[in-house]
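As written, the chains take the letters A, B, C and D, and residue 1 is the first residue of each chain.
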Amino acid sequence: MANSKFEYVRKFETEDRCLPNCWIIVRVDGKAFHKFSDLHKFVKPNDDRSLNLMTKAAETILQEFDDIVLAYGQSDEYSFVFKKNTKTYNRRQSKLMTNISSLFAASYVFYWADFFPDTKLQYPPSFDARVVLYPSDQNLRDYLSWRQVDCHINNQYNTCFWNLVQVSALSPAEAHGRLKGTLASDKNELLFSEFNINYNNLPELYKKGTVVIKEQEVTSVQREIPKTDGSGTEEKTFTKKRPKLVALNVDIIRDTFWKDHPYILESS
Amino acid sequence: MANSKFEYVRKFETEDRCLPNCWIIVRVDGKAFHKFSDLHKFVKPNDDRSLNLMTKAAETILQEFDDIVLAYGQSDEYSFVFKKNTKTYNRRQSKLMTNISSLFAASYVFYWADFFPDTKLQYPPSFDARVVLYPSDQNLRDYLSWRQVDCHINNQYNTCFWNLVQVSALSPAEAHGRLKGTLASDKNELLFSEFNINYNNLPELYKKGTVVIKEQEVTSVQREIPKTDGSGTEEKTFTKKRPKLVALNVDIIRDTFWKDHPYILESS
Amino acid sequence: MANSKFEYVRKFETEDRCLPNCWIIVRVDGKAFHKFSDLHKFVKPNDDRSLNLMTKAAETILQEFDDIVLAYGQSDEYSFVFKKNTKTYNRRQSKLMTNISSLFAASYVFYWADFFPDTKLQYPPSFDARVVLYPSDQNLRDYLSWRQVDCHINNQYNTCFWNLVQVSALSPAEAHGRLKGTLASDKNELLFSEFNINYNNLPELYKKGTVVIKEQEVTSVQREIPKTDGSGTEEKTFTKKRPKLVALNVDIIRDTFWKDHPYILESS
Amino acid sequence: MANSKFEYVRKFETEDRCLPNCWIIVRVDGKAFHKFSDLHKFVKPNDDRSLNLMTKAAETILQEFDDIVLAYGQSDEYSFVFKKNTKTYNRRQSKLMTNISSLFAASYVFYWADFFPDTKLQYPPSFDARVVLYPSDQNLRDYLSWRQVDCHINNQYNTCFWNLVQVSALSPAEAHGRLKGTLASDKNELLFSEFNINYNNLPELYKKGTVVIKEQEVTSVQREIPKTDGSGTEEKTFTKKRPKLVALNVDIIRDTFWKDHPYILESS
């Protein structure tokens, strides 16, 4: 029973290499997380356990892929940035997005109990993923700014919405109606006057989301090594560099972040 | 802080719709499962627990996607067949492959303990996925034949290999050397003469892999309903059709399977 | 001065092979032919010289590419059908569409004077092209039907429009207004009652467009060849098969055409 | 006869927009020009008539497409550079490459007699085309350098080859053999010692190829216009800017060219 007769079917596969010299972003996004968060009784508008579990899953991805230089997450989504000239999976889009989406989902389930010790996971969640290419550094930064502004806009809306529902006992429809057409300044005013909440004082995690980067950790190690003249050993200090994951809840729109971590845009 | 300034970055996303009127196959494949199976002490050459867990994960996919008409799996891979004119995710390749790869991986972790009650999962596994299109029914059947022949070839080789290692105490290198250049008939002879194994008597699960299909389950329900003349109620029998998953370890290369389940190729 | 330093730029090229086992259609379309036909004073609504020149250019394409089994043209467009499993240019879309669009345009200019002996070509025209894939024979026939129905609809409209303008001396705007919202039957009635034109009697070239196919021409050749017994020569008749282009103005929507030329759909 | 029944076939067309913010290059390439140049008795190794006709065809393209900022040609090929953010044809690859390849080919035929007054064109030539994207300015310059180095390498080889054939009366095979394995310096030495040719003194057209750019031509026009106080007219000078095509045979590898024409890389 030879396989050669059927192997022609491999020719129906298509190549999907990313254009070289572009930043590659893979963004994962929870599927139907509205229903998922209701069923698992997520705290609204922000559930720290879920946000931290998302970041834990993201860190698994960063540890697996050397060429990811930054990840940014908020709500039920996470974006991963590969350096411009990564050769990971020969830049094949299918490989990149499916390995990341599946490892992300598997990690989410794997670490669930660490973050939700008192809540049983009811069913396995899924995350879609897509690949987007950005030719210039400015495009990349604008993409990340787009996601971080989105985080802020959603958080502001949701904070108003859930206070109206939970504190003022409005129905969801009433709360939506109340917020319809309001500006950012209106919403801040509403939070302050009705709920005594100063939006600016809310946790940075909720307002900014989470950026995970790899900092070079330099550690010193003392080792006993043979002397060059053969007369026994001597103690010597070695320095070891290792990437160390650091999760920050900071502004990534303004220049400061990029000046403080110049190696991110310089990676290639 | 308006988002509109950054929203132009959405235009960098590309459309990846599948050509209409083609069978869409999504195949998931375990990443680095050699290492994974060693670490979790899988029985060689075939571990029933793992194969059944794979099928359980596949069934989760079939339940989630109405338009998948068949799945075929063996070893650490599973192929899912969408009907030719499915509109699922508007036929977008990224959506199809990432939702399936992530749900498959999440399910594998979610159901792990049911199949490996005595083995702790050491880390979250990942599965890549790809989309392949087949224009004709013959192409589709040839694809599935290709995978089933592959199952048989690998199983035959692995059964020889692991018997040589486990029973005859050869080293892996010696076992590979012994098998190099042998034909199918040589391997069957080796199994019989050295290990008294009749290859044909091995479990169909190992030789054929697993095909999962949806059979229409017709159930009868008795219901008390109002009489049309208003004079009280009467008992009536209703029939309900529901797709029911059926996992089979059968030949899908010959015509028999396709004649017995004609609705698969007729779906459109 | 080595080129190797720069040759990395080749890696930015992408592969664009057509999915195997699909009919490949390349359709060329005149760019800005409204302006072109005005400037060169084409007879309206149909200019035989232009239609015949289009078909001459199409025939150049059919002669160049063995694997094109049919071409269909009307107005300033022509569609070329490659057999399902053609290996031409390794099925690369860019190669297929640019070689055809450029040869078509070059031929149009090359043969211009043969069809427009009294009209000087004012500038070189251009033709865009696209590749479309059709998995099934029905899809292919529906594509060709779509184009032939389009031919009929446009011809009917244009015949009304130009009679209103040329015979009834309506302005273009008035003619458009008069035709707005009319059905096919209204237009036939208009042609008959106002201009004494029976639409059905118009030339098939205008109503049906042109389909070009390759018929096997069998020719007999008499040759003097040596006798097998060495006793001089004898005359023998040889038959030679050659594809011969045939241009028809016939219905390609109904089954008749396809039954009369079964080898077209059987080509693979 | 409604067309709607068949119109579903349009859904089989695919979108092929170029990634935004990348330089778009369309390169056209003569098909089978070896045969074409032999048949039309092109002067070897370089035929000025052909090179100038190529540039004439290229200029037609530059005049037609406002967003092309530079073209570079040599032998039977020409590359056209669209500015990074061109919206031409909505960045659709098929439209870009087929309109350019067909207009190029049509122009080549259209202007043939102007450049080859004594040679009848035997058949219409064709040119394939491809689209390649380059994310960075450096990538773009490296692409153009690659083509210009290629021009030089081929010219040097061909100059040696044809002198060996035409002057020394070697057969083509002998000439190839003689040149096999020679370095650039060997070839220059050969030209000088055997044919008294100083390679550096050959025309720049042959060594460098042709770059066509658009320079802003500023013209002054005197116009009689009404005075603002209504007391008659006064003469006033207006300046008009128009892009003017300039064809150069210069080095485009070193910085000088790019510093002299900074607006090329600044276009966006």
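Operating definition for what follows: a residue touches a chain if its C-beta (ideal position, glycine included) is under 8 Å from a C-beta of that chain, and two chains touch if they have at least 3 such contacts.
To keep track of the chains, here are their UniProt names: A, B, C, D = tRNA(His) guanylyltransferase.
Everything numeric here is computed off the predicted structure, so don't read it as measured data.
A.B. asks: Quick check on the contact network: minimum steps from chain B to chain D?
C.D. replies: 1
A.B. asks: Looking at CA centres, what chain is most distant from chain C?
C.D. replies: A
A.B. asks: Measuring centre to centre with CA averages, how many angstrom lie between chain A and chain D?
C.D. replies: 46
A.B. asks: With chain centres defined as C-alpha means, what is the inter-centre distance between chain A and chain C in Å?
C.D. replies: It comes to 53 Å between the two C-alpha centres.
A.B. asks: Report the inter-centroid distance (CA atoms only) between chain C and chain D in whole Å.
C.D. replies: 30
A.B. asks: I need the residues of chain A touching at least two other chains; which ones are they?
C.D. replies: In chain A, the residues touching two or more other chains are 12, 19-21, 133-134, 139.
A.B. asks: Quick check on the complex: what are the chain D residues that touch chain C?
C.D. replies: Chain D reaches chain C through residues 1-3, 6-10, 12-13, 28, 31, 60, 64, 93-95, 97-99, 101-111, 121, 123-134, 139, 142-143, 145-146, 149-150, 152-153, 184.
A.B. asks: Give every residue of chain C touching chain A within the complex, in rising order.
C.D. replies: 11-12, 14-15, 17, 19-21
A.B. asks: Which part of chain A faces chain D closely enough to touch in the complex?
C.D. replies: Where chain A meets chain D, its residues are 19-22, 133-136, 139.
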